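Input: one structure, supplied below.
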Amino acid sequence: MVRIAVLGAGRIGKIHAASVAANPKAQLIAVADPFADAAKSVADAHGAEAMTDAMAAIERVDVDAVVIGTPTDTHVGFLMKAIELGKAVLCEKPIDLDMTKSESAAAEVERRGGKVMLAFNRRFDSTFAEMRRAIDAGRIGEVRQVIISSRDPGMPPPAYVKTSGGIFRDMTIHDFDMARWLLGEEPMLVTAVGSRLVDPELVGQYEDYDTVMVVLQTASGRQAHINNCREAVYGYDQRVEVLGASGMLTQDNLRPTTMRVTTADLTDAREPLLNFFLERYAQAYRAEMDAFIDAIEGGKPMPTTVRDGVLALRLAECAVESARTGRAVSV
Amino acid sequence: MVRIAVLGAGRIGKIHAASVAANPKAQLIAVADPFADAAKSVADAHGAEAMTDAMAAIERVDVDAVVIGTPTDTHVGFLMKAIELGKAVLCEKPIDLDMTKSESAAAEVERRGGKVMLAFNRRFDSTFAEMRRAIDAGRIGEVRQVIISSRDPGMPPPAYVKTSGGIFRDMTIHDFDMARWLLGEEPMLVTAVGSRLVDPELVGQYEDYDTVMVVLQTASGRQAHINNCREAVYGYDQRVEVLGASGMLTQDNLRPTTMRVTTADLTDAREPLLNFFLERYAQAYRAEMDAFIDAIEGGKPMPTTVRDGVLALRLAECAVESARTGRAVSV
Amino acid sequence: MVRIAVLGAGRIGKIHAASVAANPKAQLIAVADPFADAAKSVADAHGAEAMTDAMAAIERVDVDAVVIGTPTDTHVGFLMKAIELGKAVLCEKPIDLDMTKSESAAAEVERRGGKVMLAFNRRFDSTFAEMRRAIDAGRIGEVRQVIISSRDPGMPPPAYVKTSGGIFRDMTIHDFDMARWLLGEEPMLVTAVGSRLVDPELVGQYEDYDTVMVVLQTASGRQAHINNCREAVYGYDQRVEVLGASGMLTQDNLRPTTMRVTTADLTDAREPLLNFFLERYAQAYRAEMDAFIDAIEGGKPMPTTVRDGVLALRLAECAVESARTGRAVSV
Amino acid sequence: MVRIAVLGAGRIGKIHAASVAANPKAQLIAVADPFADAAKSVADAHGAEAMTDAMAAIERVDVDAVVIGTPTDTHVGFLMKAIELGKAVLCEKPIDLDMTKSESAAAEVERRGGKVMLAFNRRFDSTFAEMRRAIDAGRIGEVRQVIISSRDPGMPPPAYVKTSGGIFRDMTIHDFDMARWLLGEEPMLVTAVGSRLVDPELVGQYEDYDTVMVVLQTASGRQAHINNCREAVYGYDQRVEVLGASGMLTQDNLRPTTMRVTTADLTDAREPLLNFFLERYAQAYRAEMDAFIDAIEGGKPMPTTVRDGVLALRLAECAVESARTGRAVSV
């Protein structure tokens, strides 16, 4: 039985707490959040203890592992404390918005042999995981091109845009990880263009973009394309395509049901997409937690690492520079 | 070079004339229709001779084969004359609305060894033909169930309803042929129900129906279901499904293009279906004529026969009786 | 808080127990099964009490409602006891294989005003429920035809076939309920044909069938077609289509993921279907329990009733007779 | 009646000759090719005159318009002669592989007011044309992103690779035109990467690529992505997606039929794609010719111009440079 404390009782902490509670190999010991009410509400739902001090939660002797779902700028501090005490960690991404700080955290984790998993939830989506397995099973031969379309249903609030670190660091970063994972090789070259088409005034204020396209290339020449837009009126669009030497993999977006409506004007029309990441990746969040707990229980390597987080962040840095300078940037 | 006369310059005669003209192994000699202007218009389009007397066209020494696209009650007369003169015939269905007359025409054709093909155009649709080939190739094993959904875009004009012989004889008859062809065995039992849901007043006047369901069963127990409706607001619906012991075949309706529209309300919506049989089966009409000409040229058996027409008509007769009496009718 | 006892710790009892445990408005008090180990295993998983005597579970004063998931021939006994004690009941279908016994149970429930819901789980499938809502919202106008394709992945074991009451009573019965629900009117006429194509020896032994087709017609002329086969090699096939005066609703089967594979031979190939009812209707079972608990909590009428069970069973009786006699049977 | 001479009796000349012959407003006067047999074969099929001298065909007084389907390096010469004589021209792309020569040809055509249409056949594909119309009709709002996937079924022969001018100039050029057309604005920035994954030895010999990705950006910030691969084992892949402010348009590839095969391993599998451009764009070639003839007959501007050819070629030049230098190139 893995005894777990969840740090952060916000949207994502709530999901992680429920996933821990639902896993028969784990026990939710504590939920920590400076907002006592939030901590209590989540803890009570699963018979866990509510705390306001995350550090104290990490230090508990009855806690084997911690899940870090707190604001980004607190990640590294909690992470360091946890590995210092030899506890396993599932940490929300990004490690930190600062590249240097992220690098040194990763180096420290590796030096200490810390068991840390970075929460790239999309890798645990049943469809994407099946695509990765199909590639590994040789169903499409050597990978040649990966195409990722990833669009949010609508602009985030201004406060979020202000502190997000920019679209490449907060939105494309998921796609950078997906691209690395599906390419099966490290990208060596990044080219990116950014536009302001959805809310030019808001994003222009921070020299940010709301609509971007990226191309990655690995040393052997494999290519990935990513397109992002902060707004897709039809819902949260998450599509991936992989072209290989002997075939291709594609997949569909998810809708609430499979109903299709046919009328005089339109035939076989489907419903709008599941609206956003909590709904779209509900299954992936659970599978991610299960993988974390299995890795601890089985003494196996973590399925994703802090290094993965650093590498995705580095691609984001390169994209920022490429979009600014108009040059392909070597990683 | 097969020299052909087309009898009837209406909607279907026009299509047949164009198919003959487009076939490099055939020559369109004449187009005959009592309406001289209609005959002339179709004949001129393809450099053929216009005639008003169909019998005279059949008798021409420079005519090897005739295509009968005239009103139903003239079919048998022209057919008999043509086989008497040893000419090949492509005859529109039905042979005749009267079962006895159809039977004796078929017997006569068979007795004389006449080369007569009945125009069951749907068998030449590229998709349905591919389904038949896939069954023959063993891709789904022994056939168990056939499901046919066949709906017209809208009610025919009252004059048509009056003389059509009823929905089973004029509409379901195509599906009876399709069912026979895909089942690969002769139906022995017919059950049918009929309703008046689209235009009860009009069809009730002739003790006809506008919405029907039929179930067929062969001696070995294979089953087919047919559903028809005189009105489908979304267009001409033509779907077939075949369940076999080791798989299933399905297919899609055709639209003008493959475009899909996604908006805030609906995703992946496709266009309305091709509206009616001339558009939907344009390819099938050409392939049907090519098959007719190939059979003549190659001295091969006709791909569909007058017997097929009689057997489909008999199923229609049984359906009429079943819908009236509420009994399964043995064929 | 609704306090619930689950009777029966088999496959379906296990699912119901988990659904109760997952519902925040309910508490799982006890799980009863004559097999003590089975009862204990299910009860322990959710912190409930294990019992071997179902009657005793019904009688507990700390139990407000019972879920009957025991063998069919025990349903009526438990049901009567529960309503006698004023307890709400969610009862698995069928009520009983015997029509008279079912009828009198239904009459008794109605006389006493018992709160009984019959477990027609498919009505709670998110897609089918959305189709019903779309019809109610007028999106396709008046219903004209309902087409139901419902096929099991493989033959049930001989022991099951022996006691099932026949394919119409144990398999088609779900589709009869679906047809009634989607037609929005009571069928007045039933025609059915049955074949032995999958395992003629086994089903022939009990004068049963393994492949059937049914047509239903309501008083106003609405029609429904049902096709069933005990074996579909590609998985558990569950499809429904509704044609209305101004449109059509269709839906897709469910697969484990949305991945599509494209190779030199085949394009856009999808995975096999979810294999059987426990997987396919996992969401529906939870929603069914939630609806039961909501009806109790809110003092609202049960969403499905014993009367629904009787009416579906009556259609099955008519189908048995129609398949045997070759006559359309009036309900 | 527009009297037309087709120059070139190769693969594309044959198609153009058939399209002219099929158009009731046009007459095919002559087919010219230095290979007398080829010219004769195509001419005879449509009752036209065979010639070996293309210049003589252009000069005929009974020729109003010419279709240039000869090798690329002869295009400009024939084009200049034709406009000098005031004849309308449908010219295959590219105008010339040399940018300067293309530019000066375009300038000359514009100076003289020549009626010249450049054969960008894809714009006449019924689906792509419908997408353009849907954008114009405002169905998806302002265009934001265009995604074009365009892959050939297999490597062209070495001789073709040697003289093609490189993948950007001979393959991507169609997609550059499509991108310009669908973006509705001129691209101002081009970034491109090229890889050698299919046949590194062959393409490396000419410093060419076989797998490329391009990103275009317009002045207002609209973006287009193009991915190309010289080999897709599943057939000729031609997909386009347009994201707008209020919706999205997508479309499907074409297959020979709409059949779907479902077996124990795979469900709803479709056939391989139509293999290559002659099959895939058969309808588009006819529609292109009809548009050319309509523009002449109606005295309307040509739907595509030599300027379109120059602009697509310029994007190709920029892509070559970008792939070589790793810089975004301004157009």
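Quick notes on this structure:
Letters are used for the chains, namely A, B, C and D, taken in the order the chains are written, and counting of residues starts over at 1 for each.
Convention: contacts are C-beta pairs under 8 Å (C-beta built on N, C-alpha and C of every residue); 3 or more make two chains touch, one makes a residue touch a chain.
What you are looking at is a predicted structure, and each value in this text was computed from that prediction instead of being measured.
The best fit of Cα atoms from chain B onto chain C calls for a rotation angle of 180°, in steps of 5.
With centres taken as mean Cα positions, chain D sits 40 Å from chain B. The distance from the centre of chain A to the centre of chain B, each centre being the mean of the chain's C-alpha atoms, comes to 57 Å. Across the assembly, chain C contributes residues 233-234, 246-248, 253, 261-264, 268, 271 that each touch 2 or more other chains. Viewed as a network of touching protein chains, the structure reduces to a complete graph with every chain in contact with every other. Of all the residues in chain C, the ones that touch chain B in their complex are 142, 144-145, 147, 149, 151, 189, 191, 193, 195-198, 211-213, 215, 217, 220-223, 225, 227, 229, 231-234, 237, 241, 243, 245-248, 326-328. Residues 233-235, 253, 255, 261-273 of chain A are the ones touching chain B in the complex.
Of all residues in chain D, only 126-127, 130-131, 134, 139-140, 246-254, 256-264, 268, 271 touch chain B in the complex they form.
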